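When the chains are written out, they are named A, B, C and D in that same order, and each has its own residue count from 1.
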Amino acid sequence: MFGWHWLIEWQTPYEFHGHLIDKVLAEEKTPYQHIMLVEFTRFGRGLIIDGKVQSTLFDEYIYHELLVHPLLLSLPTPPTNVLILGGGEGATLREVLKYKSVKKVTMVDIDDKVIEFARKYLYEWHQGAFDDKRTNLIIGDGYKFVEETKEKYDAVILDLTDPIKDSTSYKLYTKEFYEKLKRILNEKGGIVTQATSPSFSLEVYVTIYNTIKDVFKEASASYTYMASFDGLWGFVYGGVRPDLISENEINTRIEERIDGQLRFYDGYSHKVSFSLPKNIKNEFKKITKISTDEDPIYVPA
Amino acid sequence: MFGWHWLIEWQTPYEFHGHLIDKVLAEEKTPYQHIMLVEFTRFGRGLIIDGKVQSTLFDEYIYHELLVHPLLLSLPTPPTNVLILGGGEGATLREVLKYKSVKKVTMVDIDDKVIEFARKYLYEWHQGAFDDKRTNLIIGDGYKFVEETKEKYDAVILDLTDPIKDSTSYKLYTKEFYEKLKRILNEKGGIVTQATSPSFSLEVYVTIYNTIKDVFKEASASYTYMASFDGLWGFVYGGVRPDLISENEINTRIEERIDGQLRFYDGYSHKVSFSLPKNIKNEFKKITKISTDEDPIYVPA
Amino acid sequence: MFGWHWLIEWQTPYEFHGHLIDKVLAEEKTPYQHIMLVEFTRFGRGLIIDGKVQSTLFDEYIYHELLVHPLLLSLPTPPTNVLILGGGEGATLREVLKYKSVKKVTMVDIDDKVIEFARKYLYEWHQGAFDDKRTNLIIGDGYKFVEETKEKYDAVILDLTDPIKDSTSYKLYTKEFYEKLKRILNEKGGIVTQATSPSFSLEVYVTIYNTIKDVFKEASASYTYMASFDGLWGFVYGGVRPDLISENEINTRIEERIDGQLRFYDGYSHKVSFSLPKNIKNEFKKITKISTDEDPIYVPA
Amino acid sequence: MFGWHWLIEWQTPYEFHGHLIDKVLAEEKTPYQHIMLVEFTRFGRGLIIDGKVQSTLFDEYIYHELLVHPLLLSLPTPPTNVLILGGGEGATLREVLKYKSVKKVTMVDIDDKVIEFARKYLYEWHQGAFDDKRTNLIIGDGYKFVEETKEKYDAVILDLTDPIKDSTSYKLYTKEFYEKLKRILNEKGGIVTQATSPSFSLEVYVTIYNTIKDVFKEASASYTYMASFDGLWGFVYGGVRPDLISENEINTRIEERIDGQLRFYDGYSHKVSFSLPKNIKNEFKKITKISTDEDPIYVPA
């Protein structure tokens, strides 16, 4: 029998990928987004927001480790106070809490339903992180939070949905927003953002890099293959240069700073992830666009 | 934004139809089948079993009225004791209970989960029929029930899933099974079965007619367009000849026998439904196959 | 092996149907449209324009006979001079040429590539009609032709693509256009137009009827199931009332007026086609919209 | 308007990817396979065989360079006599002919239609390679050729379709076949095969490695992301150890041995391509299967 219950994820108007769904576990249309929790035939449990796979049990650890650790390990001193925008599954939080030095992690997510779903269904993701006494969970608008907070952070982690036209998140990928972020960072602090897919939106990936480099001066870009995203996925780090740190030094700092196991990230994966394929690396020389409030970048749709 | 959550119903290996799903209301994998209740964008609430749309709020009344009434109205005397196999939504039951003469309706469905779903989510379908005191609901195997029952019925209504290879239902479309049915019918009783799609499985439709005619001698076939099934749908009646009853007589009998409103079926719709399109009617002269236990008919898959 | 080469026809943004393609025979992007000739697994040879199945060998005869004959047979006197707008396959022309009385058929199609394809690949459709000496083939804009022609016609047949927003054809479904048509008709002449799908665009179907009735006073609507269009298909006739003609009279007039065989249309099919399903008939009482240049009707897209 | 003309490539029965097709350039069903040449919206010109994208103008150079050069550059002495099985597009041939030392390249492809299509439509792929005087093109069965040839080769390149059940190619991925290959290799010769997708058929990728290692003792595996294959793609080399050669040495040997430009492959890409992601590398410790004639490996289907 042919499969009949499908998520059809549109990467662009001329490409789609069908993932067979075994079962829908929970679904809710909130004021902000359409959330669905499913069992995929291929990936096991997975979170879908507005038709995009956010993360699945199959490879969420790759995404979340590569988002968090290159930033936190390349800070000159171990981080104490960390801010996460988005990241509703709780897995980014889980990774940050592995740092012995961390005293407080503020996580701001706009949608309490996502958090509620995560608590109820995504234990493998958060592993109890929401209940850690260092966790400061705020339901609210991340953009506004950044404008209003009086605190300074060692690191800010942007675990957001893609910059889709007319979405709420595209404004969190502009030069103006990164400048706001800079103001709430400690002097040697850094940021990271998920940076969309070098496979399906290479121009967006490079533009995010250009924009962060423009604001923070120091920037670097990593990538990995994410099966559940059907292609390569990118990350951009600002204010720090993880790409300049050696394989061995990464292994040493993991030993020193982290309590608990990493499944993907280590010195070896660090080196692999910062070695962009030549065809992608070449684009960094060609694309010069910067994303601004006036002329923001969007993923194709 | 493009739709992303789809039921892809395969009519054949070379045809599929995608229906956008707004929300999944409930889902269960029972020992017998995979049941899903959804809100379709186009049809509103709908029941899906094993990837096939069973019925939707949009046009279930057309299907259920055309299944039940041509049979019960063409019986020479109003029916007292009726048997339904399948029909888990409760809508076939609802239609039968509209007959003033009916004293008992036995409904046999193999899957208690379907009934549970219907009670919980499909009020518009059953409209309380499960709680009517004339209703005798039995969870069990319809085939076995027919073999073992000691009762005689005025009418038997087969509201089953399609005869899919390796399914449990294909055995309820054979000559041998219809002969078993004949034994539990009162002398002037009749039967009806849903008869698959004249659009996508014309040979099956005609073969069901041939088989029922072979056993019951009297047989006739009706059809209608069902939007939620993406094509024409067929019904075959045995032991009676509704096609020979006039438009006016149908209207008279509705008046006499039925308590409550019909939305689709009346003398006019009767005439329309028994007037098969010429291209389909022609096939009845060409296809001579009969479905037997040894050489059963299946829908293409 | 699963099928991999598909036409995915979008009926609406929330419904699509996939037809497996065996082979592409010819394809061309003209200044007006994207034409593709294929062998479908299910339907055999078929013409696709801008992603919509125009007609297939499987059931083109049903469409073309039901478009042409109710109009031409219900004219009080046999037609002499007929105008066709669109109809590039040549099958509408083929049907018109069956009338013994016809002296001249003018066919105006905007796209010479469609005609070229038809001549080369669609012999079963046109059966040489383009070369009939009564045929007057004009490559040009039908709208403009109607405005400029000095001739009068007994019948005008509109075999056009659907009224899609921003297409060239939607202007040929408005009150203003029908008024232009009226001016080039002989006193007792009539028109017919394909009227989209009562399944997928019921409001458009009824609105076309309303608009034609408004202009011509006399109007009627027919329908049939078209497998290759995945649903019901509608036609609206103006200036004549085929629905009032009896089954027998249709058979008599076919005998008198037509030279050659009809495969679908006869007195019986006439009756069936003008007996709209009750659920569709009911909509004619509810929908009162008229299509005008200022507020035209479109199919959903 | 939504896209309507699609290649739906099934990676597994529970995953498919849709690529929009702009135009079909040529199509033929040969005794061996169904070949289609298209313009993809995303990739430009591409070759499809039996529903699988074989290569596209977008990234064929990555595939072909990574297939050919790690093998030919890691041979201790520059190759003279090379055998290619498959590779109908002519691009593998193109890469081999860049070696100054090469005197003869025998290419054996089973399907002359593929070659004919390549000559006619794929100039960017072969760039005239079929007409090079060192090219020895043979239309025939590669398996049989290997059994019957009297020649010895410095290198054998297997550019074949995937090992699909009941296909002709799955027998060219077994231990017994690799042993046949070993017999026609010069003493220090080596082989390479495309090794399916580490994303969609990881077990097959590792099993090919295991099988080649079992026969040739020396083996290594590379990978790259191929957008037009929707995921990672793998290669396995036998009889040589390209992974042990340094970045600089690769650059030196390219300089020495190759005449003409490479677009993707250089010392840097070499290092990247032999640095498997940790999650994939880990599987090499777990999967121990070897493919044999009796128990061959297949891609999921």
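Things to note:
As a convention for this text, a contact is a pair of C-beta atoms (placed from the backbone, for glycine too) under 8 Å apart; a residue touches a chain by one contact, two chains touch by 3 or more.
Everything numeric in this text was worked out from a predicted model, so none of it was measured.
Without chain C, contacts among the remaining chains keep them together as one piece. Taken together, chain B and chain C share no touching chain. Taken over every residue number at the interface, the positions common to chain A and chain D amount to over half, indicating a same-residue contact.
When the CA atoms of chain A are superposed on those of chain B, the rotation angle is 180 degrees to the nearest 5. Chain C and chain D, compared by their mean Cα positions, are separated by 51 Å.
A straight line joining the Cα centres of chain B and chain D is 54 Å long.
Separating the centre of chain A from that of chain D, both taken as means of CA atoms, is a distance of 35 Å.
Multi-chain contact residues of chain B, defined as those touching 2 or more other chains: 2-3, 8, 13, 16. Taken as a contact graph, with one node per protein chain and an edge wherever two chains touch, the assembly forms a single closed ring in which every chain touches exactly two others.
Pairs of chains meeting the touch criterion: A-B, A-D, B-C, C-D. Residue ranges on chain C touching chain B, taken from their complex, read 2-3, 8, 12-20, 41-42, 59, 62, 199, 224-225, 227, 230-232, 264, 266, 268-269, 271-272, 275, 277-279. Residues 1-10, 13, 16, 23-24, 27, 29, 36, 50-51, 301 of chain B are the ones touching chain A in the complex.
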